[in-house]
Amino acid sequence: MSQPLASLSPRPDGRAPDELRPVSITRGFTKYAEGSVLMEAGGTRVLCTASVTPGVPPFLRGKGEGWVTAEYGMLPRATGTRTDREAAKGKQTGRTQEIQRLIGRSLRAVVDRRKLGEFTIQIDCDVLQADGGTRCASITGAWVALRDAVDKMLREHMIEEDPILAQVSAVSVGMWEGEPVLDFNYIEDSHSDTDMNVVMTSLGGFVEIQGTAEGTPFTEDDLMKLLALAKKGNARLAELQREALAKPL
Amino acid sequence: MSQPLASLSPRPDGRAPDELRPVSITRGFTKYAEGSVLMEAGGTRVLCTASVTPGVPPFLRGKGEGWVTAEYGMLPRATGTRTDREAAKGKQTGRTQEIQRLIGRSLRAVVDRRKLGEFTIQIDCDVLQADGGTRCASITGAWVALRDAVDKMLREHMIEEDPILAQVSAVSVGMWEGEPVLDFNYIEDSHSDTDMNVVMTSLGGFVEIQGTAEGTPFTEDDLMKLLALAKKGNARLAELQREALAKPL
Amino acid sequence: MSQPLASLSPRPDGRAPDELRPVSITRGFTKYAEGSVLMEAGGTRVLCTASVTPGVPPFLRGKGEGWVTAEYGMLPRATGTRTDREAAKGKQTGRTQEIQRLIGRSLRAVVDRRKLGEFTIQIDCDVLQADGGTRCASITGAWVALRDAVDKMLREHMIEEDPILAQVSAVSVGMWEGEPVLDFNYIEDSHSDTDMNVVMTSLGGFVEIQGTAEGTPFTEDDLMKLLALAKKGNARLAELQREALAKPL
Amino acid sequence: MSQPLASLSPRPDGRAPDELRPVSITRGFTKYAEGSVLMEAGGTRVLCTASVTPGVPPFLRGKGEGWVTAEYGMLPRATGTRTDREAAKGKQTGRTQEIQRLIGRSLRAVVDRRKLGEFTIQIDCDVLQADGGTRCASITGAWVALRDAVDKMLREHMIEEDPILAQVSAVSVGMWEGEPVLDFNYIEDSHSDTDMNVVMTSLGGFVEIQGTAEGTPFTEDDLMKLLALAKKGNARLAELQREALAKPL
Amino acid sequence: MSQPLASLSPRPDGRAPDELRPVSITRGFTKYAEGSVLMEAGGTRVLCTASVTPGVPPFLRGKGEGWVTAEYGMLPRATGTRTDREAAKGKQTGRTQEIQRLIGRSLRAVVDRRKLGEFTIQIDCDVLQADGGTRCASITGAWVALRDAVDKMLREHMIEEDPILAQVSAVSVGMWEGEPVLDFNYIEDSHSDTDMNVVMTSLGGFVEIQGTAEGTPFTEDDLMKLLALAKKGNARLAELQREALAKPL
Amino acid sequence: MSQPLASLSPRPDGRAPDELRPVSITRGFTKYAEGSVLMEAGGTRVLCTASVTPGVPPFLRGKGEGWVTAEYGMLPRATGTRTDREAAKGKQTGRTQEIQRLIGRSLRAVVDRRKLGEFTIQIDCDVLQADGGTRCASITGAWVALRDAVDKMLREHMIEEDPILAQVSAVSVGMWEGEPVLDFNYIEDSHSDTDMNVVMTSLGGFVEIQGTAEGTPFTEDDLMKLLALAKKGNARLAELQREALAKPL
């Protein structure tokens, strides 16, 4: 898996099957949030902020644990044709809720909430431009925003021990023209109804696997190949997270 | 995988790691729906109905295709402590929406919608009693209700060709005391935050994989074992679906 | 009124004018609720649960009294054609609210709330199959669930004195082809817009009378005959409640 | 029943048991509505308007019938302590919905909808000041507004035949200190949980009977006395409606 | 500006350009509210009530200050054609919210909230009949209701010092056929999309200026003339407020 | 007014009283929208997009006119402390609705809707970072997005004549320490409750004036000075719009 697979059916943007889109991780993108990251993966751009507030939701009060939760949104014209504004319609779609629950679970999987103390870290992932893979970009960017927010808490002695256990990132894989490929863009995503989002830690563990084959089901063999691609993609994203954090804020 | 694994840490209800709970599939449970199935898996009981209506949603009009969609609900006292009624609160939770979207996608994966014509089949899965695995029981039972509804359509010449391509069923697998086990009940589910719902066709294809490890991530080895258990469980559920359908309605 | 009236215009299901549909009252239908009753009256089937929780609503706090309240719902395919799910629409209809308020008032009329202490008993009536008279079946079944829940509270010494003052049951009466008849089924109900729901205690008192004549108004004479039928029907329902309670749970 | 009953336990405002509060019916209270009536009964003041619009709701289209429907509201400070504004809370209470459904049914009971043609008459009853009996005052006043609106339709040849079959009015009766009395005011209403709203036509028929005994159930004897009081009250209200209509608008 | 401008293009109701419509201010219009005023300006009639309640909203707790806030509504048939009831639709329009925020701010501008103590005065402005200028009539009438409510608080020693700093009133001005005129009625308002609402204190200060020119923009010269008309109109309204208060309640 | 006023009480960021914050107008900020502008004024950053869709709202159908409308939102962490997400709360605040109505009216004031044909241009203004003056920045930026979208329509012959009549821009002015100043930032805004938003065309006409003095009312003299500052500010903003448009997209 260490070199590009032979590409039988070329991808719309000419990438190799195991090739990520260009990634850019800009920290400190807005000024107020404790962590603020513009995550770009190809044409997908997500603003991920981490907001620290004292206190926890009622179900956790008095347990000495913290909480990490997430909300997700898309600007109405993040997409090729305008999408109705959820605030105007008065409710979030099922898709939005599903994604924000996924982001929250993924980040909590790498946080020791007892070390966080009774603080809540609220992650907001807002898609400025959508070109496929927004939930994966949200998770990958949100972890960097979380890292920055936690570092600020440590510097300011709000907490004493680092509650973050590992990095977490996410990438999509799917079947393109019958072949497994890494990191669908929008065109690929809209022409395939068989894809999988894989969330992994930097230690190689699987946090979430969400595979959907509304069209042709995955065979067991496909599944193994897709998981291998996802491992490769997430390993690269973890490197990119570290590179972004190595730069001064 | 053809015989029970040695059980190092016994399961709360004494089952072997690869043992399903007792399953009962009662067809014709209520009288109006075109398909109506009471699906029971251990203490979990879900009423699955399939309602056939002419016409399709706006995004499909004029394409000559049908639609299959699902809604899910739990009666307030299906659970150990009463859950608020969603109709009274005025909205469905994110969990409910996630589940109903999953049920709909799983069934659509085994339906050739062109053969369904411009009909909508609305699946309703209502949990009368919840003891773990309600989304999997919903999918497994809903497929039987769908089968009955489609058979009625064929008998009444509403459609001429069978649009159902295969059976579909779902089962949960998860890590119990560090060991992979099949078909969590509520006690197991609530003491583990690492489980996976696997939806498969009777042809052995994977339709949906939703694995979540909010606690310890899955290793690749766990993942392979969990998938093997899920294959075994779904193969047995497909047999049970066929047995139920073999009886007169 | 002790023998069947001569039936001039036969009823759709051949019953005598003063004849109830077959009734079945199954206690312990689900396992978690303190009281759980499947109430069947002809083709109508309602699952009635009673859930006991400590505490009372804000307007009663500190008064040493308890509270009994009810919610009502219909599964979407409880009816001949599918009804929209209220949870998905985001609100309960006026009809639903009217019925659940009626159920709550009817039960409170036979409870001495001072003897209940600061507990709330939440009744849920969910219609699995609707064939006319669902609100009356809900009240009659809910009282049995309430009785079981209160007996459990007494056995477990949550309360010391029985707060239930009498049985309560309900039955519909209406004008069918110009004649007063007892216990409309769905066909009768949908062909008449003149009916009355009568809630009575086992001591013969009237708790609620809701008569509606959207078509031809009731004459005073009709009214007297309808009330007489209702007395007869409720007396029989009270017997059936006692018989159900006489069996071991 | 033709002369005041001996009053054993005097009523808070000194009325005889069978005495209505002073009634005032002001037609043409606002200028736009086709019928606009300020209905006053004691301290209760309700503005009832009837608005005529072409067309009917979807379920009636093409049947050649009209529709009459009603909405009800209370101004926030119509009551002794301010009530939350329903528009600001974003929903109507169950009580509001119950009342507006009652008003609509009561008026439809005296309208031959085939003679109304495909018009909708929308009744709005808005309580400016509440002192008990607002739903009864709404019905009684709304009928006068309906009469004025229909007269206007006849004058303008929108319809050719009068669709109104009879007058309709409503009055409350209840048990005050163990005695049946007519037309509760707010103090009586709030100290009794046993009352009945009786809607009758001017021809003596009963349209709606809604009796509630959340406290002590009604005996059959009480019921007969209450119905007799209601007949008397409604007969007087029908006279007052005719007197109001006899004056020039 | 002390005498009527020459009217080149006559106004629909024949008024001079600087002439207010007839105003009537009726105090004590309903009986429960601490202040209750029927404000009439031409065909516009608004019921303005002021309700005093102990306590303040959370953001002010413990600061020793009071709060004044407002809600606004229109009865459905206050207008020429019926408007949907906001309570039935489940939300207030943007227009309603804009107006009620304006009323609240205008009144707070003349209240020293420290002298009000921890009380909330809730203003409700409900339009019974709309003929243009409802937001201005609401402010002008609400101030009189506020004055009555505060006087009652002073008489009952709920507060010791008068928190009201000045009178406040509002009037609309706009361009009619190219000429600046005072106090648009509905016909003028609906034929012009260039108007301005001006809220002033009795001391001559400007509290709110909301000018809108969706059609032809205002020139600087127009603006000066409109402000002059508004000053004149508000001075007259302040006189009328004082006259109303001079009468016994 | 052509040179800075002597600054008696220095502004928090050292600006002269008549000095705008640094402005940056970036066209083509996102790739899908027909017009997409990142408008920055000091620390305020608003993404303004213009989306062109065929068709108009129902009230305009068949009139041959187009429509321009706007929606406004703030990302949750656009502010110093996190604001609740409107989509999650299920409704837009009154403030949001007020602002989006203002943006829509301001743009429509400079569009000849007959020349736009039956197209709707939907403006979305989403605040990425808020530092005062977000509604003014939204209007100024939205006009540039509108200009780009209309130019695209002209280039693609969707319309033949330019419907844009003039530029439109907006700026805030207010009283800072008793002195009139131009273009409040957040600190100034939050320490003053006396400010005015002034929307003007590039031809010098006033489109909207929204002045609010919740604290000390404006004198007539203040008002004149504030209007003069606003004229100066808007003239400069119009220049900056032209400069931005002069650059290649």
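Every chain is named by a letter (A, B, C, D, E and F) in the order it is written, and numbering of its residues begins at 1.
One rule holds in what follows: a contact is a pair of C-beta atoms (placed from the backbone, for glycine too) under 8 Å apart; a residue touches a chain by one contact, two chains touch by 3 or more.
None of the values given here were measured: they were computed from a predicted structure.
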Same or different for chain A and chain F, where same means more than half of the interface numbers show up on both copies?
-> same
Between D-E, E-F or B-C, which repeats the contact pattern of C-D in over half of its pairs?
-> E-F
Note: chain B sits from chain A at a C-alpha centroid distance in Å of 28
Any idea how many Å lie between the Cα centroids of chain D and chain F?
-> 52
Chain C to chain F, mean C-alpha position gap in Å, rounds to 60
Give the residues of chain C that touch two or more other chains, as numbers and ranges in rising order.
-> 90-91
From chain D, heading first to chain E, list each chain in turn around the ring.
-> D, E, F, A, B, C
Using the touch definition up top, name the residues of chain E that touch chain D in the complex.
-> 30-33, 36, 43, 45, 47, 49, 51, 53, 71, 73, 75-82, 85-88, 90-92, 96, 122, 124, 126, 128-129
Seen from chain B, its contact residues with chain A in the complex are 91, 94-95, 97-98, 100-101, 105, 108-109, 196, 200-201, 203-220, 223, 227
